[in-house]
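After this come two complexes, each holding chain A, first together with chain B and then together with chain C.
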Partner chain A sequence: MALENILILAAASLLWATTFRNHGRTWFMLIASVVVIFWLQPALPIRGADFFTPVATLVLVVLTWFITTDDETRKQRKNIIILAIVAGVVLLLNLTRFVPQLQLFTASRPPQLETTLLVFLITGLTLIALSRLTRFSASILTVGLVLTIGLFLLIKIPALSLLLSSFLRTLSGQSLTNVSINDFRWMGFSYVAFRLIHTIRDKQSGRFPSVDVGEFITYVIFFPAFTAGPIDRLERFIKDLRAPFAGLTLEAFYSAGQRLLLGLFKKFVIADALALIALNDTNATQVTSTFWMWVIVYAYAFQIYFDFSGYTDIALGIAQLLGIKLPENFASPYLKPNLTQFWNNWHMTLTQWFRAYFFNPITRWLRSWQKPMSIPMMILLTQVATMLLIGFWHGVTWNFTLWGLWHGLGLFIHNRWNDATKAKSAAWATSPTKLAILNVSGILFTFHFVAIGWIFFALSSPITSWQVILKLFGVQ
Partner chain B sequence: MTTEIITPIAKFIAEKILKQPSKVISADEALISSGLIDSFSLMDLALFIEDTFGVRVEDTELNAETFDNLEQLASLIASRK
Partner chain C sequence: MNQIKPLNVLIKGLLLFALFNLVIAAWQPGVGQLSLYNVLYPGRERLPFGENPKQSYNLSLFDLDAMFASHVIAGTPKADDEFRVVIVGDSSVWGTLLKPEETLAGQLNADNLNACGKTVRAYNLGYPTISLTKDAMLLSYAVQYNPDLVIWMTTLDAFPLEKQTSTPLVANNVEKVRELATSYQLRVEADDPNFEVKNFWQKTFVGNRRAWADFFRLQIYGVMWSATGIDQVYPSEYEKAQTDFEADESYHDLTAPLSEDNLAINALETGFRVVGETPMLLVNEPMLISSGTNSDIRYNFFYPRWAYDNYREIMTSLSQRNGWMYADLWDIVPANEFTNSAIHLTPAGENMLAENLAPYILENCK
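Moving on to the complex of A and B:
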């Protein structure tokens, strides 16, 4: 989100909360979120794609709601009204095609109306076909899960996204000569996919609250958290959404405003200033001294923290204006004495997601073997696999693989080290000074481990990354 | 009732997870948010609870939000027995 997007959204939320209080608050959140996903979608070189990408997000969300919700809730009439209103908003946005002055919310001129109506028709028919299915739930949930993960891979794996882009270009009658992996940027999809997978998995384990389609859409694409998280849980979000909202109290206003200002300062003052000197593909090859290499690596480590946690503060601040308390995503991660603690406090909602839906089930499964493998082997396997997946979540490239591997192995080594030295260090650190020594050296070591890991994250080539590391240690 | 649940769990955590058998864990001491129990040992704890009390703790419940100390864990177990 750019500064202007944030300021407009914060002002609109504030205005709504102070003027209308609880009247239509959930409608405001729903409609604003629908409009915002069109507004934030960047322009794409494929004709019509920047309009149909947000439409695809909505279709995907509605289909997921349809297969996860219980029969009784699904049949309620209000869902049809909500869907009609959401479709109406999309059609209004589409109609701005004919009024250039009103094309404020789409990156380029919206496509012809017929195509949108066709998409609605196909979605409607799919919903009808789904509702006629006998033996509805179990297998269809698995299909939904596989399709969501498949779509995620299609977007994230460069070779596949190139194929997708060629297909879409052919579909829209464009030439294939300029096809590129950067053709297709689906704004917010990483987060949307994770919220959808979470709801499907929870439904499979029988813990899915009954929500109407409007509540579900608002949860998945809630505009403050749409582009950069946090990844909330449906049950928690719905509790806030349904709680009576008596308007914005002065106390809540101060606290939300403070959070928002803090976020703006972190992102647009600190992070953007650090970005001028932070490690990137260009300066990585230009810097020749070890000292300056450390400076740009440190700058990157702080830039990414202030950027990301600043966005989180902004999201939490805006949401709070509307009476929604989104979960925290960062808790002083660079002040943690070991890598395990770092990951418990960095992008927490993502790591909790991976723990709940990947790490724990895999660990449980490995534990239940007749002849279980050795504990260290199990820890190595689960930690590396989890961190590799977190790497792939950011993009399926060699550098994200190396970054995931770096952290997976780091967590494994920390676990073994901790196991071997836990009793000894507890016996040694008997005074507050000794405890402080252990703590401070742990913090410094962890921070440097993470900072070196960021080199893979910031750069696009493994060779350049390796050269930067050699330079840091004065080897080259 | 609560003590009956807390005592064996506290013993298990001190002996098997922390490897400090003499350590006393109080009922309101933070276990997860403090980093005392890591994510891998958390699964050990879940399996121990399942074996000892016959109560299932779901994969999605192994977090500080669901329970962060022995007291909260004990009431979670008691509510499912």
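Moving on to the complex of A and C:
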């Protein structure tokens, strides 16, 4: 989100919270979120794609709601009204095609109205077809899960992404000459997919709360958290959404404002300044000395922290203006004395998500084997697999694989080291000074381990990454 | 514990911010003189200039204090055995497409010249816009660093009257130009439309935020300058200087023959007044002499032959009349040693120029 997007959204939220209080608050959040996903979607070279990408988000969200919701809730009349209003908002945005002055919320001129109506028709028919298949809800959930993961892979794997771009270009009658993996950027999809997977898995395990379609859409695409998280849980979000909102108190305004200003400062002053000198593909090969290589690696480490945690602060601040308390995402991660604690405090909602939906289930599964593998082997397997998946979530490339591997192995080694030295450390660190020495050295070591890991994250080539590491240690 | 009243905090915050802006507008602090260059980072070998900061780790700004404070000359006390040469001029001096060591100053330094027992150290104070007034303004800064010799590289295109104040560096430093007018008789029109006179609002922190941001970005890019030694983009390919032309004899709406009245001779004289007793060598810089289509009409992209020939006559006459030290080196570099412009030299071309200038430096030491 650019600064102007953030300021406009914060001002609109503040205005609503102070003027209308609880009247229509959920409607405001729903409609604003729908408009915002169109507004934030960047322009794409494929004709109509920057309009149909947000439409696809909405269709996916509605379909997921449909397959995860119980019969009784699904049949409530208000859902039809909500869907009609959401469709109306999309059609209004589409109609700005004829009024260029009103094309404020779409990256380019919206496409022909007929195409959008056709999408609605297909979605409606799919919903009708699905409603006839409720008896097979368990398998439908599995299909939904597979489709969401499949879509996610389609976006994240460069080769598949290229195929998708080629397909969409062909569909829109465009030449394939300039086809590129950058043709198709689905704004916010990483977060949307995780929220959808979370709801499908919760439904499968019988923990899915009963929500109407408006609440569900608002949860998945809630505008403050749409582009950069945090990844909230549905049952927690709904609690805030349904709680009576007596209007914005001065204390809440102060707290939200403070959070928002802190986020703006972190993102647009500190992170953007650090971005000028942070490690990237270009400067990685230009730096001439070990000292300055460390400086730009440190700059990247702090830039990514201030950028990401700044956006989180902004999201939390805006949400707080509307009475929603989104979960925290960062808790001083660079001040943690070991890698396990680092990951418990960095992008917390993502790690919690992976813990709940991957790490814990796979650990339980491995333990359930008739001849379970050794504990260290199990830890190695689960840690590395989890971190590899977190790496793939950012993109299926060699460098994200190496980054995931680096952290997976790091977590495993820390686990083993901790087991082996815990007693000795406790016996040695008998005074506050010794404890402080242990703590500070742990913080420094962990920070540098993470900072070196960022080299794989920041760069696109393993060879360049290796050259940077060699330079850091004066080998090159 | 006293309870915080958010509204009071907001009002006080806004008042303090407004006060801060008013103080900045009234005080106009010269923060440009503060610099991390020459303290945390090595000074830059040439003045900051860059149209693509993210790639060149350099940017164009208008704060002359900040520009000079970032230059290596500001952090280099003159040693007893140093013969200090400063070179001013346009992009050919600054060194478009050239690494710092390949520029004229870099080549002179590499030659390790010894002038009267002192080591010659040349400083590149060129700036990539063409205007004599801009050069005179930079000279007024250069003299504070006690040069033993000033080399002023120039070309005809720096002389047209309309080019004097239109260059952004001059247009945004109206006070400095007016100082030149007051102290050194530079002729300046009081109502020159090129001058951007700031109102009170534009002097506040908010109104002047671009300059503040530029100042901070210059300091931040010092890291990348130190880390890489890069201060401009070096494309692997570029379009060579034009050698074929239309049969066009026009030059800046001027008619033949050129006269001193049509040119900013006053700015040239101002430059000599600015340096005072310090010896200054005025150089008509090398340019590409084309042999392509219509080269009988035009020497190159910049100049029709009649205008340039007139200009050379005027320069020779002027220097003789005023007793200026003058070197007309217009044709010393062959056409194949120019890069993307009729005045931008290759490293080999700069080397030829340095070899031609070396004798002048050695002759002028005390």
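Methods note: the second predicted complex is superposed on the first by the 474 of 476 C-alpha atoms of A that agree within 3 Å, B and C clash if a C-alpha of one lies under 4 Å from a C-alpha of the other, contacts with A are read in each partner's own complex, and residues count from 1 in each chain.
Throughout what follows, contacts are C-beta pairs under 8 Å (C-beta built on N, C-alpha and C of every residue); 3 or more make two chains touch, one makes a residue touch a chain.
Since the model is a prediction, treat every value here as computed from it, not as a measurement.
*Asks:* Looking at chain A, does chain B or chain C touch a larger number of its residues?
*Replies:* B
*Asks:* Identify the partner contact of A:251: answer first if only chain B is touched, second if only chain C is, both if each is, neither if none is.
*Replies:* Second partner only.
*Asks:* Considering only touches as defined above, state whether A:379 meets chain B (first), chain C (second), both or neither.
*Replies:* First partner only, chain B.
*Asks:* For A:426, is the partner it touches chain B (first), chain C (second), both, or none of the two (neither)?
*Replies:* first
*Asks:* Going by the contact rule set out at the top, does A:283 touch chain B (first), chain C (second), both, or neither?
*Replies:* second
*Asks:* For A:359, decide between first (touching chain B), second (touching chain C), both and neither.
*Replies:* Only chain B; A:359 stays clear of chain C.
*Asks:* Looking at the overlay, what does A:415 touch: chain B (first), chain C (second), both, or neither?
*Replies:* A:415: touches chain B, not chain C.
*Asks:* In the superposed arrangement, does A:77 touch chain B (first), chain C (second), both or neither?
*Replies:* In the superposition, A:77 touches no partner, neither chain B nor chain C.
*Asks:* Shared contact residues on chain A, chain B side and chain C side combined as an intersection?
*Replies:* none
*Asks:* Under the touch definition given earlier, write down the residues of chain B that touch chain A in their complex.
*Replies:* Those in contact with chain A are residues 18-20, 33, 35, 38-40, 42-43, 46-47, 58-60, 62-63.
*Asks:* Could you list, by residue number, the parts of chain C that touch chain A in their complex?
*Replies:* Within the complex, chain C touches chain A at residues 4-7, 9-10, 53-55, 216-217, 220-221, 223-224, 226-230.
*Asks:* In the complex, go through chain A and note every residue touching chain B.
*Replies:* 201-202, 205, 207, 336, 338, 340-341, 344, 352, 355-357, 359-361, 363-364, 367, 378-379, 382-383, 415, 418-419, 422-423, 426
*Asks:* In the complex, go through chain A and note every residue touching chain C.
*Replies:* 250-251, 253-254, 257, 273, 276-277, 282-283, 286-289, 292-293, 295-296, 299
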